[in-house]
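Listed below are the structures to be examined.
In the two complexes that follow, chain A is the common piece, with chain B as its partner first and chain C second.
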Partner chain A sequence: MTGRAERIGLLALPGLSFLAVIYALPLFMLLLKSVQIDGQFSFAEYVAFFSDSYNLSVLWRTLRVALLTTGLALIIAYPTAIIMARAKGFWLSVFLVAMVLPMSVGVVVKAFAWTILFRTRGVLNDTLMSLGITDAPIRMLFTETALIIGAANVFLPFMVLPIYAVLRQMDSRLPEAAASLGATPVFRFMNVTFPLSLPGVVAGCAFTFSLAISMYVIPSLIVGERQQTLSMLTARSFLYLRNEALGATISSILLLIAISVVLTSSWAANRLGARQ
Partner chain B sequence: MTGTDRLALALSWVVALGCVIFLMLPIVITLAASFTSSAVYTLPPPEWSLRWYQSLERRSGLWEAVTLSLNLAVVSTAISLILGTLAAIAVTRGSFRGREAIATFTVSPLMMPGLVVGVALLQFFREIGLRDAYVSLLLGHIVITLPFVMRTLLASMAAFDFSLVDAARTLGLSYPRAIFQVLVPNLAPAYLTGGLFAFLASMDNYPISIFLTDARNKTLPIKMLQYLEEQPDPSLAAISSGLILLACIVLVIGSRTVGLNRMIQG
Partner chain C sequence: MAPPAPRDMGDSKYLDVTAVGKAFKGTSVMSGMDFRVGRGELVSLLGPSGCGKTTLLRIIAGLTTADSGEVLLDGRAITSAPAHKRNISVVFQSYALFPHLTVAENVAFGLRARGHAKTDCGPKVAEALALVRMSDFAERKVAALSGGQQQRVAVARALIVDPVLLLLDEPFSALDRKLRETMQVELKTLLRDRNMTAIFVTHDQDEAMGVSDRIAVMNAGQIEQFATPSELYARPASAFVMDFVGLSTRLNGEVIESTENRSTIRSAYGTVHAPGTFVPGTEVTIGVRPELVKTRAAENTLRVTLADAMVLGSKTQLHGRAEAGDCLLCEVPGMNSDYAPGDTVTFGWDVADTLVYETGT
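Right, the complex of A and B next:
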């Protein structure tokens, strides 16, 4: 049988070689290109990138927006996942539709909808003014706050679902057992529910952060060219400026951030898994 | 239940219901904006009308973009289902080293910045002299769809009883026939879920496609952003509503055949 089990491995070849040639190799060549100038090995492009204060402000803005987006999504997602994991029947269907339908509708559609909402004479300002919260319309489109709200909206299902999946699998008798032993609600949450949900939290945060760090459509529609992010700068250097060296460097930086998020989160997930 | 318990639960319900409204908001807004009679986005619309749906006929290049996007989504998903089935069988049943690494690698494009993959493909295709925009787009879209298929197939094959395939083989079926007649029907929910999400991801992709298009081959998301720059009237909301309808159809198919709960866990 060993012979056949080994031959079965060959079935992976078409898919693997496809991804090796049309995905891994191009990414590797991109990385290589960013450390080469005229065939010579050099970090000059990176030095140039990091010594430009404009680039640093873009990098900082990208990281800040991604962190705040992840944080906002987590604050909304965690209680939602707890309620979802307890829900049955009608309410469970409501929550599932609210997760899956927005996930199935494209980013372009949702980002566009937020530009309608955030318009100075848009729905949000009209509501705020009719409620008497503000007298004059507030400028919302083209602000970082609007970007974070829009991005959190788009990525929210990717935060809720991993936490929901973990909580759903959790034995609901565990907190009850803790309660019957006299544990207070706070103690129970901190020592039973929360630690058990951590793998889901890590997975959700990693996914949301890596999506937020590289989002392109959402910031180009909501904040526009004035406040660049790393991916907008990449697109601009390739599509408009024709500065491919700069583009290759920025995309390599984005790639390295993405890879380190993946490695860190899988390391954290393994640690959490080993502890339990 | 103690008072603290009840308070925490009530607060969680408030957040959860707020979350549902927040998530549905963009969809409701788009639908409402598409039925306006006015030329700007005023909500609620002063009067309801279908004029922006009728105006879609006059949008140049819209139909071509829709057919190109559908074409790419269907073809790339089909290829990914084939490649994904073979690779997932190999990872689940094979006895070679590094199967875990292969599984991670095939799912990894999900976590990579799309724009970076697009840039890398642009330079790579230029390097090897591939000039055909359709072929470039198709190859790029297989990279987009394959991880969605792999993720669901790997999860479901891990739970599949492969002795069924062996039984079919002792009954005289060849290995490929046994896979096609026993494994595939048994894993139909995974195929449907993975295929549907792959299809939608391809339909929606902007960051990879933008680097691989030419003047004649523009996918729907690219065309939509172009319209948004040139002439941002409510006909865009009408196009968006069409895409929302497509997502609803996909969702109804999925929930009728697989169930929503299985769809999200696939």
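Right, the complex of A and C next:
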């Protein structure tokens, strides 16, 4: 068996070597740049990064935006996933298409759509003013709120689909058994449906958080240069400041965060999986 | 848990289902369904798949809403009460144990749903697990249990809340034959001791005969007959019930002569006599239970060529060559190897033992 499994493993070789050359090697060279000053091994770039209060505020904003985006996406995605898991035939197709199709529209297009909605004389402000809710336009574009709403929208499918997949597989008899044992709908959700959906929630949050922490186009278009995120800072370092060491350092920090998210979530998913 | 009360056979209408109808996507599953069960009775809904037995069970449990009609339990209308307010426990075919909880947590679920603190459930959970002899498994994951153990846990989980009614949907079908028979005896004793009113849904006639006080045989959304197992077997109300409950010799024929309470019927194997009066020319189906058929001449006698002789241990089955739709079957007690396929044998039985039904009813 082991021999056979090992030989099947050989099938991954082309993919792995492709990744090694195209992805891992340049990444390694990039990481190397962050710990090398004039050919000497040094953490000076990291020390410099973390002693600059502006960098820290960008780091904090990036984390905050990613967390809030993940949270908002989860709140919107969970009910959607429940409805999709119960949908059949035509309506299920409608939901799946509605989830997948927007992914084929570029992020740029979607972010621009949000600017149309959010700008000073945009759809939202015009509506609010014509309804008499506000007299003057509210500043929405270039705010963190707009960024979080826009990002949650773009990343929604990555939250909905894993949760949907888990809920869909759940035995529909389980909530029924719970009901027959006297559990109210709320008790049923809290003690059966939600705990059983946790692996999907963990996966969805890991996807969304990883995407949100490294997003570049959406913040560039919705909030612009004034409120930097780590990705924007990285791009600036490479493209404008021509400071490769700084860019490499920020990239490494981003990568570290992403790796810890992936490891934590896979650990959590394993634990939850083992419980079942 | 509940003190024993005298058992009755449906007179008290403890569970009273009246004129219930249900359609799925315009296709009627049942209409005008009436079904009454007495307190402490063990009843089976027996029928082929698609006959509506599971739908009726789900309507009683509150998991499916009826389109019309009423369900009363102990004189209280529960037709529109949600499942969680009915105090009716359900044991599902797949057992539907919660995979993220341990055996003890599964059993405690109903108590916790009723607002008991986790710590207060201990003694009752221990008692319920002892009842189904699963005390040693309290801390196990349910996925680590065998089918029989899962069923015991499902029963303990259902009984711990003192339900007013227990519903079991094909509870034994996931078990192998030997275990199934053991579990049937075990469960029946358990429910009897607690004077539990229970309804089993099953397509297995042996199971229904084994566990029930009364059996409702269902076909195409209707109850064809609701009677004790012996009554069902000895006096089936229709050819469908006769076929569904037990084996029988079964012939199609035409009434050629009918006097008062005795008809002469022409079949493909010769004329036979049956009780009852019919208009000559009526197409009928006649049946005889195989153990009432003897291998000697009697009031009705047929000469039969054997297709097979099966020695089954406690009995030997003789299968005669018959036309499509007919069945010639005789059971002789014990192991009997006197017969071989191709032998010509006499099948004989009495008129009084002959069941007769108009074809198509």
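We adopt the following convention: the second predicted complex is superposed on the first by the 263 of 276 C-alpha atoms of A that agree within 3 Å, B and C clash if a C-alpha of one lies under 4 Å from a C-alpha of the other, contacts with A are read in each partner's own complex, and residues count from 1 in each chain.
To be clear about the criterion, contacts are C-beta pairs under 8 Å (C-beta built on N, C-alpha and C of every residue); 3 or more make two chains touch, one makes a residue touch a chain.
This is a predicted model, so every value here is computed, not measured.
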Partner chain in contact with A:L131 - chain B first, chain C second, else both or neither: neither
Which of chain B and chain C A:V192 touches, first, second, both or neither: second
Which of chain B and chain C A:K33 touches, first, second, both or neither: first
First, second, both or neither for A:V97, with chain B first and chain C second: first
Chain A residues touched - chain C or chain B, whichever exceeds: B
Contacts of A:G15 with chain B and chain C, given as first, second, both or neither: first
Where chain A meets both chain C and chain B, residue numbers: 184-185
Interface residues, chain A side, partner chain B - complex: 2, 5-6, 8-16, 18-19, 22-27, 29-30, 33, 76-77, 79-80, 82-84, 92-102, 104-110, 112-114, 116-117, 119, 121-123, 126, 153, 156-157, 160-161, 164-165, 184-186, 189, 206-207, 210, 213-214, 216-217, 220-221, 231, 234-235, 238-239, 244, 247-248, 251-252, 254-255, 258, 261-262, 266
Contacting residues of chain C [partner chain A, same complex]: 61-63, 82-90, 92, 94, 96-100, 109-110, 112-114, 141, 143, 157-158, 161, 167
Residues of chain B defined as touching chain A within the complex: 2, 4-5, 8, 11-13, 15-16, 18-20, 22-27, 29-30, 33, 41-43, 83-84, 86-87, 89-91, 93-96, 102, 104-106, 108-109, 111-117, 119-124, 127, 139-140, 142-143, 146, 150, 196-197, 200, 203-204, 206-207, 210-211, 221, 224-225, 228, 236-237, 240, 243-244, 247-248, 250-251, 254, 260-261, 263-265
Chain C partner contacts - residues on chain A that touch it in the complex: 171, 173-174, 176-185, 187-188, 191-192, 195-196, 275-276
